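In the two complexes below, subunit A is the common chain; its partner is subunit B in one and subunit C in the other.
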Partner chain A sequence: MPRRIFDFLSSLKLTVTCLSLAIILVFVGTLAQVDSGIYEVQRRYFQSLVVWWPATPGAFSLPVFPGGHLLGAVLLLNLVAAHARRFRWTWKKFGIHLTHAGLIILLVGGLFTDLFSVESFLRLAPGETKNYSEDPRAVELAVIDGSDSGFDQVAAIPESRLRRGGTIGHGSLPFRIIVRRFYQNSRFQPIGEAARDAAPAATRGPGSQIAVFEVPRATAMNERDLQSAVIEIVPASDPRQSLGTWLVSGQLGAPQTVSCEGKTWRLAMRPARYYKPYSLTLRKFSHERYPGTEIPKNFASHAVLTDPEHQENRDVLISMNHPLRYRGDTYFQSGFEKGDTATILQVVYNPGFIAPYVACAVVGTGLLYQFALHFAGFLNRRKTTP
Partner chain B sequence: MKISRAPVCLGLLLACGWASGCKDEDEIKVYRVSKPEPEPQQQQSPAPANGEMGGMPQTGAPASADAPNARPSQVAGNPPPTWEAQPLSSMRQASFLVKGDNGTMADISLVSLAGPAGGALDNVNRWLAQLGRPPITGEQLSQMARHVPSPLGDAMVVDLEGLPQGADAAKDGRIVAGIVAGDNRTFFFKMRGNSALAGSQKEAFVRWIGTVRMAGGEHPHP
Partner chain C sequence: MKRWPTWIALAVAALWVTSNSRMPKSAPGDRDLVAFGKIPVLADGRTKPLDTVARNALLVIHGRQTLRLDDTRTIGARRWLADVLFDAPLADKYPAFVIHNPDVLGLFGWEQDGRKYFSFAELVPFLEKIDMQGEQVERIEPSARTPFQVAIRNLRNSLALYQRLKNSLRPEVTGSFADEVATFEKAISPGLEAMREREKGGKFDKEKFDVFVALAARFQTMGEMACVFPVPPGPSGSGPRGEWISIGASLLQTISDGVVDPATKSWALVGDAYHGGDPELFNRHLPDLSGRMAESEPQATARAAYEFLFNQLEPFYQAMGLYVLAFLLVCFSWLGGSRSLGTAAFCVLLLALAAHTFGLGSRMYLQGRPPVTNLYSSAIFIGWATAVIGLVIERIFRDGVGSACAAVIGFTTLIIAHHLAGSGDTLEMLQAVLDTNIWLATHVVAITIGYSAMFLAGTLAAIYVVRGVFTTSLTKESAESLSRMTYGVICFATLFSFVGTVLGGIWADQSWGRFWGWDPKENGALLIVLWCAVTLHARWGGFLRQRGLAVMALFGNVITSFSWFGVNMLGVGLHSYGFMNKAVPWLAGFMVSQLVLMAFASLPPARWKSFQGTKTTS
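And then the complex of A and B:
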């Protein structure tokens, strides 16, 4: 039985099947971008083990197709198994071994990047300092204890946890948060504007004057979902005594407050934040255009990098094709706001960024070696031929 | 090659599967951060001059969830003196009541929402539905709309008439509204009330739209 499994894993049929399925997956995923948008398609089709089909939307789903992670993993396994099966150490095949090793590094690096890389954005106005970047496509519910004069203690609840619903508790909070409803994309209307039967979303805060409606997910690249949630807060000591319900959303301006056991917390639904052990201050943003046109020639951010831990305090320049790399993060000059009022930097944390370079070098060396070997053999044969 | 390599391959498959599921996105993060410095606009934004955007509280206190009417407006403008300022709510950046003869009145508001907030056509059709009128097409909208420049951006102004069944004609029958679509925020100016009164206030309403700006010179696209 193990022999049959090994034969199956190392077979060329499996390679062809996986590649065919990958082609179908890419084709179907590309079409699905029309309705679901690129980010949702990436998550559902390519960054998953299986593609789920919602048989009953919101309740019951069926696995219908292998996802990108599964196909990638099986292809990797297939490559390793085939290589292990046919492996014979000779200098003649050294180039082929290197080429396969490079492909394995590429596949593992791709999986590693997919799993562990984080992409976010940093918006800075001149003179502004920030030590965090934000994910414009994901939100978090920040429960902030500002009772200390020097710092805020933040409990950040990720969007995925809010989407799952149920009761959320944490040792640092004396209350529990019950997610009554999560809206992936929502639209607000003042109660006076909405239909007569529309009910206020919540009992406390601005939500008591707002009706919330679920709307289809944003699919265009320049649109984003406006996530909202209705939460109920109950004291951990007495879960039967509700403190009320709140509507939390990035669409609301200032944070709301909730008081429990004599202390006050702020509630803020905001873009998910990634804090850094260092900060960037924007000194100046320059935006050059080609003379007589509005076509950008170059835009650059002159910033100050401050890192007390590493005793860094230096000027840095981030411009098109000249990113800043620091402590695992790479800052690309991504854009700017209208009127050049702020710079927008793309922040990429990718622990596997070196893998494609290594893979290309290894594959290139392998192919070069194999080519050189065959070429030398060809020349030798010509010499010996009368 | 010995068969013992099969378990190694199976182990690799399991490792891949484990790696796929090991990213814990549900984890609640708890951390301490230095208190943020006050926002520049909160420090610099002067209190609006008397009479400017009447009804706005003059304090700079942050909005409180439990006291929505205490929220300071983020906009400023020059409404006519005959409009009576009304308390603001968490949704209304400006609120006025204008009274006419024989108990007629019209309610005037400015609401801002994040994003496109449904778009112009959907909102105009929603207002038409409030007046008991059938929806219109995008082409019809572009024919009936008028464009007014304002510090917030180009305002598309529409004038809609209709009296829904059972409505009080002294307080309803006409909506004059303006929509300013920003990059990340949409502003809705709306006057709804008695048809004749709203008609007489229409030009003043349009002039007011042309004066509304972000308080303290703030960029209109937060």
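And then the complex of A and C:
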């Protein structure tokens, strides 16, 4: 039995089947982007074990197709098994071995990237300094204690925790937060303008004047979900006594406040932050166009990097195709705000970024070697047998 | 072996080339528009000869590079541009604006009477309407626009371009521009004096002040409207940071410089001479201007002269004719079985490739870039690469198959390129993210060679199927050699597609920070790689023989065309450098034709004419 499993795992039929399924998956996943948007498609088709089809939307889903991770894993297994079974060292097969070794590096590197890389954004106006980047999609609920004039003490609750709901407490806070409702994507309407039976979302703060509606997740490239939550705050000492409910959302401008035991905290739903041990200050953002046209020629951010730990304090230039790499993070010129008022840098932490470079070199060499070998052999045969 | 067919074929080819490469000459006593066409100016971000400006602008506005006037007279692009630049009231009456869409005509209350071309004068009453409607369209996603919206937006853009051209080199309405310039030059210092007095609140010369301010405002408007920048940086460094500037900007600069730039004066004289309808005067002032350009901008002048030559020779048009001739020769050689016709086809193909290479090389020289920078140039390059590989195959197998493929794909891709050129300058400037010669030279070239090889493999398979199913000419040997060619070319395609795709990933890692983002264009490239991998593994596993390989190679055509064009039609993704919807039916037609061929290929061997009566295992 193990023998048969091994035969199956190392068979060419499995290779061809998996590759064919991958073609279908990539094709369908490309077409699906028209309706679902690139991010949703990545999650559903490529970064999943199986593709689920919502048979009855919102309730019941069926697994209908192997997802990218599953196909990748099976192909990897197949590749390793086939080599374990058939590997024999000859110069004639050298190129084939090299090609497949490179593919292993590529697949493993791809998985590594999928699992561990973090993408975030850094928006800087001229003169502004930041030591954190922000998540493009996920939010966090920050509970800020600003009583010390020197620094803020922040307790941040990640979006995933808010979505799970229930009661959230933290040692530094004399109160607990109960998530009443979490909206993945939401729309607000002032109570006066909303339908007559619409109820205010909360009892305290601006939420008492606003009705909240759940809306479908954003799919277009330039749209984002607007997450909101309704939370209730209760003193830790007496959980039965409610301080009221609050509506928290990135759509509300200024932070709201909550007072408990004579102290005041600010509440803010904001993009999830990734703090760095160093900071960047934008000196200048330049946006060149070709003379007499609107075609962008170059975008560049002139910034200052300050790292007290490594005693770095220097000017850096981040422009199109010329990123800044520093302490594992890479900063790319990604965009700008209207009227060039601020630069937007994409920040990527990807511990596996080197894998494709190595893989490309290895596979390219392997394919070239094999092709040259075949071609030379073919020409020789033609010469000897006219 | 008889040699005369080769000589006849070459004679025909030579006749074709020479008849199409006559240099234009201005008639004696007429305005020298040839010399005019060679003058370099800056437009759309690069220096180019006025000839190119004329051709591109007329292509955008009129849809063709020559203009037929009502009374069966036809004028060339240079003449049209000269009239627009210097004699606007005349040009306003030319039926230059093309309107195909009936709803646009309906907007003006015009009945459809088969007319497609309208003059600016006819459109004047509707300018406001067109502007308003066109502006609304700008807010709609390109992929969601209706045919009417696309048409009205195009018309608005054409009108804007036309009006900007009219005010680029001299004000649309003026008697003598040179006089105006001279008046301005003299009015500057008294005008400034008056201005200072006025600011101080003292008495000032109102007349001098008014002359100066009115002219300055007039030139400012001109500078804002201009889309042709004809004043070179020059020794005095007219433009800021050594850039070319517009006539209007140059005149405004006079306020601080004190004297008018000599090039600007020269342009004013040339324009007045043209406007006055005096050929002799025009031809006398023109060398002055060209000489000045050659002196201050020798490189740009030389490049403009070269581009003028390139425009006249139309190497891609020449190559198209030669590809057709070569294909016919191959067909005759197959029908007649004559070796020498095959040799003739090969020679004509070499000539076609020479023209194609000249065109490709010229574009690279003019742009200072690797060969592929946009969809248009990808079509040119695919044809070129296929022709090269096809000719190599022909040298090895010598059975006409390589020549036939080279001719068919070379011709088809050039036709596709011709239809992609309608949006204006095909040597356009590159967006910031594309502004990197290393990646353009490696990733883009590798991917495009991969496309070429895929199309070549598909064409080989098509020949295999058509000959096998419909004729008895596919012998065992020829079937085997065709199949081997297909296999070899697919291996070649695998190499380039894979390397190209991974290099693309590395470029993305360099400029966007992620190696792979499942963007449609990336997925298209991945599909080709996966398809090659499936084909090769299935063949090694013995799941595919000759016919199976043909089916796979034909479907490779479908996948490659999807990857090349199809993904651009989805309207999503980061690689949106060329959205296009007009080609949808063509693409669909091509895909269906390949599926039909695949169906034929799947017929059992007994139904193949070539295999009837022979025992084949395939």
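To be clear about the criterion, the second predicted complex is superposed on the first by the 331 of 386 C-alpha atoms of A that agree within 3 Å, B and C clash if a C-alpha of one lies under 4 Å from a C-alpha of the other, contacts with A are read in each partner's own complex, and residues count from 1 in each chain.
The rule is simple: a contact is a pair of C-beta atoms (placed from the backbone, for glycine too) under 8 Å apart; a residue touches a chain by one contact, two chains touch by 3 or more.
Worth saying up front: this structure is predicted, and the values here are computed from it rather than measured.
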Partners on subunit A (subunit B, subunit C) - clash or fit: fit
Partner chain in contact with A:116 - subunit B first, subunit C second, else both or neither: first
Partner chain in contact with A:139 - subunit B first, subunit C second, else both or neither: neither
Partner chain(s) touched by A:250 [first = subunit B, second = subunit C, both, neither]: first
A:190 touches, of subunit B and subunit C: first, second, both or neither? first
Which superposed partner A:170 touches (first subunit B, second subunit C, both, neither): first
Contacts of A:293 with subunit B and subunit C, given as first, second, both or neither: second
First, second, both or neither for A:330, with subunit B first and subunit C second: second
Touched partner set for A:341, first subunit B, second subunit C, both or neither: first
First, second, both or neither for A:229, with subunit B first and subunit C second: neither
Superposed arrangement (fit on chain A Cα atoms) - minimum subunit B/subunit C Cα distance in Å: 10
Parts of subunit A lying in touch with subunit C, wherever the complex brings them together: 12-13, 15-16, 19-20, 22-23, 26-27, 29-31, 33-34, 37-38, 41-42, 45-46, 106, 110, 113, 117, 119, 221, 290-293, 295-299, 320-321, 323, 330, 332, 334, 346-348, 350, 353, 356-357, 359-360, 363-364, 367-368, 370-371, 374-375, 378-379, 382
Interfacial residue positions of subunit A with respect to subunit B in the complex: 2-3, 5-6, 9-10, 49, 69, 72-74, 76-77, 80-81, 84-87, 111-112, 115-116, 131, 146, 149-158, 160-161, 164, 168, 170, 172, 187-188, 190, 193, 204-206, 208-210, 215, 223-224, 226, 246, 250-258, 267, 275, 337-339, 341
Subunit B residues touching subunit A - in the complex, by the definition given at the top: 1, 3, 5-10, 12-13, 16-17, 19-20, 22-23, 25-36, 62-66, 68, 71, 74, 89-92, 111, 113-118, 126, 183, 219, 221
Residue numbers on subunit C that touch subunit A, as the complex places them: 42-46, 226-227, 229, 243-244, 246, 396, 428-433, 435-436, 439, 484, 488, 491-492, 494-495, 498-499, 502-503, 505-506, 509-520, 523-524, 526-527, 530-531, 533-534, 537-538, 540-541, 543, 567, 570-573
